[in-house]
């Protein structure tokens, strides 16, 4: 079985940011495993300014971790 | 007696993420020890976008700790 | 007089987590020193999903500090 | 194709702050890709004190990452 | 004139925690300099569970900084 | 043109705290550039306990960054 998170290493900062977005979303899936329920809630996320900012905060926290794991991509860039 | 948290070390990033989810949940149990009460509140977590995002934020904070504790799994991956 | 916080060192990660819970609670006591008032508010904490998640977030922040203070218990585990 | 995030390095702290603002905004775009929807929500961000503070929190989290990535601009300043 | 914050060093973890509480309060004073206004809002802080938890979160963030500034009191304890 | 943020270095912890307050405010200005609008919202910040605590949280996050950038003022104090 393939892991959804085999490593925190990414080639570039942009890929690191994408990984942070993914890390933010997985916690939602683990708490609400029902895809139908998540779809039903999607407008609450995407059409509500406060919810969008809150998602952005979670991404920021994960991005800090991913950036540290990649030594801020000092070698890559 | 077995500890629920014998170590912060995990073999892979994915297991580290699972540990972060566990760390987030234990605080809830310690504050509300009554399992029936927690079950009653479960829909508030799982069917409310803001609560789901907030849970995701707690997981992100714990994942940062677990990732640092594992040196970002540099050796493992 | 005994200090309520003589050290951040704990023997195990689990004890470190308990210390993080304690650190979270002390701030509440310092802001609301009246035990009767705190008791009155207890249901707001324990029976409200959002409040429980918020408490969990504070514990996560303190656990990060305690874990770093213990070098992630690398020697202990 | 040009990356929107080729590096976390900036010449000065002020440019680092601008990058933190950009990092905060991209998460919103990825969650709500519809520009019209985002424009519709813009007043919720810009005319609401709580939303403004929340945006400021996300920027602060990203700025911490960018500052660390630049070794706090010790050489530049 | 004496500084209200001459140093982040404290002799013990407990004093470090007290400093974190002080650091949390000063931001409130700087944003609302009117002592009468602050007194008027005091019940909102002290009698509201969510506000108390939010204060606790600010203290936790400052405590992380103070603890790092003191090398987690490794020498002192 | 003078930069509003030429460096993260400050002579003392107190000046570092003032810089953290400034860093918190700039994000608000960048999101709401209209000074009249910001003045209109000022009471929402200054007369609302939850908003004041949220501002305090942003300051705490920036203070952590500024303190690290100054090596916690170990040499200065």
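Each chain carries a letter (A, B, C, D, E and F) given by its place in the written order, and its residues are counted from 1.
Quick note on the criterion: a residue touches a chain if its C-beta (ideal position, glycine included) is under 8 Å from a C-beta of that chain, and two chains touch if they have at least 3 such contacts.
Keep in mind the model is a prediction, meaning the values are calculated, not measured.
K.L.:
Using the contact definition given at the top, which chains are in touch with both subunit A and subunit C?
P.N.:
Under the touch definition, subunit A and subunit C have B as mutual neighbours.
K.L.:
Work out which chains are contact partners of both subunit B and subunit D.
P.N.:
Output, common partners of subunit B and subunit D: A.
K.L.:
How many hops, at fewest, get you from subunit C to subunit F via touching chains?
P.N.:
2
K.L.:
Can you name the chain that lies farthest from subunit B, using the mean of each chain's Cα atoms as its centre?
P.N.:
Max centre-to-centre separation from subunit B belongs to F.
K.L.:
Report, in degrees rounded to the nearest 5, the angle of the rotation taking subunit C onto subunit D when the C-alpha atoms are fitted.
P.N.:
Here the rotation carrying subunit C onto subunit D measures out at 180 degrees.
K.L.:
Going by C-alpha centroids, which chain is farthest from subunit D? Tell me that one.
P.N.:
It is C whose centre lies farthest from that of subunit D.
K.L.:
Which integer distance in Å separates the CA centroid of subunit A from that of subunit E?
P.N.:
31
K.L.:
Distance between subunit A and subunit B based on Cα centroids, please, to the nearest Å.
P.N.:
16
K.L.:
Can you tell me which residues of subunit D touch two or more of the remaining chains?
P.N.:
45, 48, 50, 54-55, 57, 61, 64, 68
K.L.:
Mapping chain-to-chain touches, which pattern fits: line, ring, star, complete or other?
P.N.:
Graph shape, chains as nodes and touching pairs as edges: a ring.
K.L.:
Going round the ring from subunit A and on to subunit B first, in what order do the chains come?
P.N.:
A, B, C, E, F, D
K.L.:
Where on subunit B is subunit C touching in the complex?
P.N.:
Within the complex, subunit B contacts subunit C at residues 3-9, 23-28, 30-32, 34, 37, 41, 44-45, 48, 50-51, 54-55, 57-58, 61-62, 64-65, 68-69.
K.L.:
Spell out the part of subunit E that touches subunit C in their complex, as residue ranges.
P.N.:
Within the complex, subunit E contacts subunit C at residues 12-14, 17, 21, 45-50, 52-57, 59-61, 63-64, 67-68, 72-74, 77.
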